[in-house]
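Both of the next two complexes hold chain A, though its partner changes from chain B to chain C.
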Partner chain A sequence: MSLIRRYKPMVPLLLVYIILFIIGVSVPGMWQPVAFIMFYIALGQAFNIFLGLTGYVDFGYVAFLALGSYGMALSLQHFGPELGFGAIVFGIILGVVMSLLLSLAVGAVALRLRGAYFAIATIGVNEGFRYLVEGLRLWGGSEGIVLSGKMREIFGREMSIYLSTFFSDVLVFVVAIIAGIVTLTILNRKMGFALMALREDEDAAKVMGINVTKYKIMAFITSAMFGGLIGAIAWTLKLTYVFPEDVFNITYTVEAIVIVMLGGSGTLFGPVVGGLIYGILKYYLNIILPGFQLLLLAPLLIIIIVAFPEGLVGSIKKRIKETRLYEYIK
Partner chain B sequence: MSLLKLEGVTKKFGGLVAVDHVDLEVDEGEALGIVGPNGSGKTTLYNLISGVYLPDEGKIFFEDKDITALPPHQRTPLGIARTFQIPRPFGSATVRENVAIGAMFGRAKATVDEALEIADNYLKLVGLWSERDKEARLLTPLQKKLMELARALAMKPKLLLLDEVMAGMNPNDISNIIDLLKKIRVEENIAVVSMVEHLMHAITKFAERVVVMHQGKKLIEGPTLEVLNHPKVIEIYLGKKVVG
Partner chain C sequence: MVFFDQLAANLIYGAILGAVYGLATMGLSLIFGVLRIVNVGHGAFIMLGAFTAFWMFVLYGVPPLASISLALVIGLALGFVIFYAIFKRLLDAPELSTLLATFGIGLLIEELAKQLWGPDYVGYSWNIGAIELGFTTIPLTKLYAFGSSVVIAALLYIWFQKTKLGAAVRAVVEDRDGAMVCGINVNQIYALSFALGIGLTVASGVLVTLFVPVGINVYMGGEYTLKAFVIAVLGGLTSPWGAFYAGFIFGLIENGSYTILGLIPGVEPFSLTRFLAFMLLLVILLIKPTGLLGGEK
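== the complex of A and B ==
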């Protein structure tokens, strides 16, 4: 198979991103909703690398986003004055490294557990970390880190507004593209087959010669690093503050689960479709029926599980099996 | 040199001794049958050889290498492949992908593209070529067994452990499978161990040597017809003379 043919499934992803980007920059007032939707698409992409590809549910996933956001905040706070824009780059790296370290620690212990036991163990990670930060008064404790003043000092007023209202959102687009490429690369390689096998039958996969622990940890770490990236960019850089009760909020994990399931767990295009639908619903429900948007989660999840157990993309993929479109959907 | 060697291997589940001090040797390219009634420890023996269980006592050698403590995923690349009594396909993957997974992670260690090609060859061989793009869970039970056989063969094993692969097949299918196994065994020099509960007829056609298991112990072993007609075997296991 040629390289071009292998990466054909990137086409629909990029089309969605391009259309969203064009709508965002050309229609007045649409940039914020587009950025809101892109956050959910990127979140879905990142979470899918673990949940979708391994079938393991990590309820503590938001902790990786949280650490990413702290990484960026700490970098801006401590190195901003000297490094300037370099502090943003360093913040991204720090955020990713912090998420990576946590994922190694959690993965080494929790990934020995299976199914529901893994899910339960991971809830503790998120809550535990939040109380650690608050209790130890680590990184500003429960007051968090507020960066708006600092950012004005470092970058100037105009630049800070540009960074938080446009540049950070553009970076989310970039993350979503990279996450797509990484997912597709995994799916195309032996790792994708190994993960699919372990998702279906872990014991049989072992006997087939697959080092299931290795592949689970690889997927877990990759997914966690993208989580850190999103936390650093879409939270700290965009919102210019970090509060523990916001960044360790388990709601984001549940939202990520809904997005992945809605679109199609383990597919490349699924999280994009899931994030798009969920983001649009949540944004406009928030305007029409403020405060009710969280009620969306449970019924949506039930409808998905009953009507499309394989997600929208999973179902579509089956329908188009005999057509030429099939090459483009993965 | 024996390919596989078990020395005093024992596995207990609580008070039950499922496999009791079993010694076993399998030679390169040999066709061995393991027979024994339900609960005689056959499947546990397979699980010990493939690494699903670790023995409580005893040692297991593969090509003179001590593999007693190796996890399953490190045994497979050495050349050990098996099928399951109840087939365990990777259900949502296609038949072709299932077989390709065997080629990728078994002794063949093929790349994705090579593996898909190997898969095609073995699917043709077992007669599942026309079903290759189907989801594996949609296959009939018989087709699932054939797919598992193809998947195990795609691993390019030196030792192939078949767990009741012929159970539930009609006589015609059985004779086809036996012809296929004989052919592959010679062509690729694979030692094939076939385990059956009561398909004595099939085992006489296939195996050169038979081991009879009873209550976790090796009861008797030797040339197929001799063993199966042994009064002890007939008495405790078969109950009446089957092979005439």
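== the complex of A and C ==
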């Protein structure tokens, strides 16, 4: 009983996913926009686990997605012919492990630092790693890895099209569901309360005997692993190439920040609402006004921070506090 | 010895560039020292200065050194506007808000600049002769950039030490509440320091163009944001003077390592130098987060 009650806030999340999925598979031509929106929902969910729950900003977050995408690319490139579909599974694991290792390395240094110092430490992670890849001519250097030919060779033409245009998008749905469950589990448990205390007042939390560094690192690693997962499936498997210039691009970090802040940081439903609005806006703005997305994003971000720091879901939560709906929104 | 000639030349060049780096970081440290705001959009203001120099030179033939004062005025005005429009409302907000706000402002400036001036690389050449040193030649423009940086930093130092306003700024850095009790209008000092920080940064952008003849681009700032953070952290983050000295050290390290990395076959020294800058940042933060050159406890 209590378990069902605790997981009630998953209901609106799943409803959004189911509606999107049904629209995608039943309305012709809608699968692509739905997949596009789902990518942003998943990205928001993953980023929220760190930014939302701890109140720390990681400006180099996109590096985790990048390593995930390299993990998948390396697996398909080297083990594709022998393992077949196993190479996809191995690629996902490799991508997650690579992001995990980077998050351990960065986290060990950066998470000893407080607030602004942390943000400064992360600001160069994506660029720094990109220069390492290009400087040492690692993994194809600045030319990147192109997999479309290789994938046709391994899976056949029909199958590789199916993998990149449908299967990878379905996996993004799965990731978004898992990320939701993980976020809710953290919020329901001791870790969620510890992080809430940390976000409000780190010194006070420390004095209360909360091991703040441990919980920060746990949130950081979890968020990074989801980043790697998204990079492996939504980038490499879907796009069939990896270019360092694209995968280390700071724009994705910005987008993740905007999504989380728009929806409401630290909430479960926030990144879903943020990702939904942002994804729809971006998809249709790209058609109407191509090339203007950052120009529109930047003032949007500033306005949200100055005028609505709690985001949409944060504001709604306050409004419905006395009603029965409150149980469903977290 | 070709290698040692090259190393010596690069180190001299590094010291010259380092002075400009130092100046380009002082604004960042000043703003953090006084307002506790990390300006993540720092590089965008350097880019504005670079374009000021470019347009003044191309349109009116104004030599870059004369554009410095114009850049300073533009920066001051912009700083006051941004402070009163945005940061005055965020003074008591959590750190996350100011971080994201400066980030958004930097992006907005870059994107507006892109709409105005296009995404292409531009440049100009201001050739006024060079000094022959035997193993290398140093263009006079770079020496002037070095001299201007030192002069501006010295003027700022005198302003801080000798004027009443400068003393007020120092008082606010020491103790905000104490300064308020002594009758200092803290909000005004915040606005002034923010504007001065942005003004210095835009002015330094003018000097940066003397080192990147064809590297003026709306996204050029990102590289300098990262470098400025390395330098600021090296210098203790809250002290503009620490930042200025740290700029020298960084210039020497950057150019020295470029020469040495060039000896290793099969790598791209240019990209690796940038990676090293980032590693340096992590290492300093790890061993002494308050900076190698002192700073707060």
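Rule of thumb we're sticking to: the second predicted complex is superposed on the first by the 329 of 330 C-alpha atoms of A that agree within 3 Å, B and C clash if a C-alpha of one lies under 4 Å from a C-alpha of the other, contacts with A are read in each partner's own complex, and residues count from 1 in each chain.
Just so we're on the same page, contacts are C-beta pairs under 8 Å (C-beta built on N, C-alpha and C of every residue); 3 or more make two chains touch, one makes a residue touch a chain.
Note that this is a predicted model, so its numbers are computed, not measured.
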Original post:
Does the chain A-based superposition show chain B and chain C clashing or fitting?
Top reply: fit
**OP:** Scan A:N211 for contacts with chain B and chain C and give back first, second, both or neither.
**Re:** first
**OP:** For A:L281, decide between first (touching chain B), second (touching chain C), both and neither.
**Re:** neither
Subject >> First, second, both or neither for A:A197, with chain B first and chain C second >> reply: first
Original post:
Just chain B (first), just chain C (second), both, or neither: which does A:N188 touch?
Top reply: first
Subject >> Touched chain A residues, chain B compared with chain C >> reply: C
Original post:
Once the shared chain is lined up, is A:L239 touching chain B (first), chain C (second), both, or neither of them?
Top reply: neither
Original post:
Where does A:I93 make contact in the superposed view: on chain B (first), on chain C (second), on both, or on neither?
Top reply: neither
**OP:** After superposing the two complexes, find the smallest distance in angstrom between C-alpha atoms of chain B and C-alpha atoms of chain C.
**Re:** 9
Original post:
For chain A, which residues belong to both interfaces, chain B and chain C?
Top reply: none
Subject >> chain B contact footprint on chain A (complex, rising order) >> reply: 1, 188-190, 193-194, 196-197, 200-201, 203-212, 321
Subject >> chain A partner contacts - residues on chain C that touch it in the complex >> reply: 32, 36, 38, 40, 86, 89-90, 93-97, 99-101, 103-105, 107-108, 110-112, 114-115, 222, 225-226, 229-230, 232-233, 237, 266-272, 274-275, 277-279, 281-282, 285-286, 289
Subject >> Parts of chain A lying in touch with chain C, wherever the complex brings them together >> reply: 51, 55-57, 59, 106, 109-110, 112-113, 115-117, 119-121, 123-125, 127-129, 131-132, 134-137, 141, 250, 254, 257, 261, 265, 294-295, 297-299, 301-302, 305-306, 309
Subject >> Partner chain A, residues of chain B touching it in the complex >> reply: 50-52, 71-74, 76-77, 82, 84, 88-93, 97, 100-102, 104-106, 111-113, 133, 151, 155
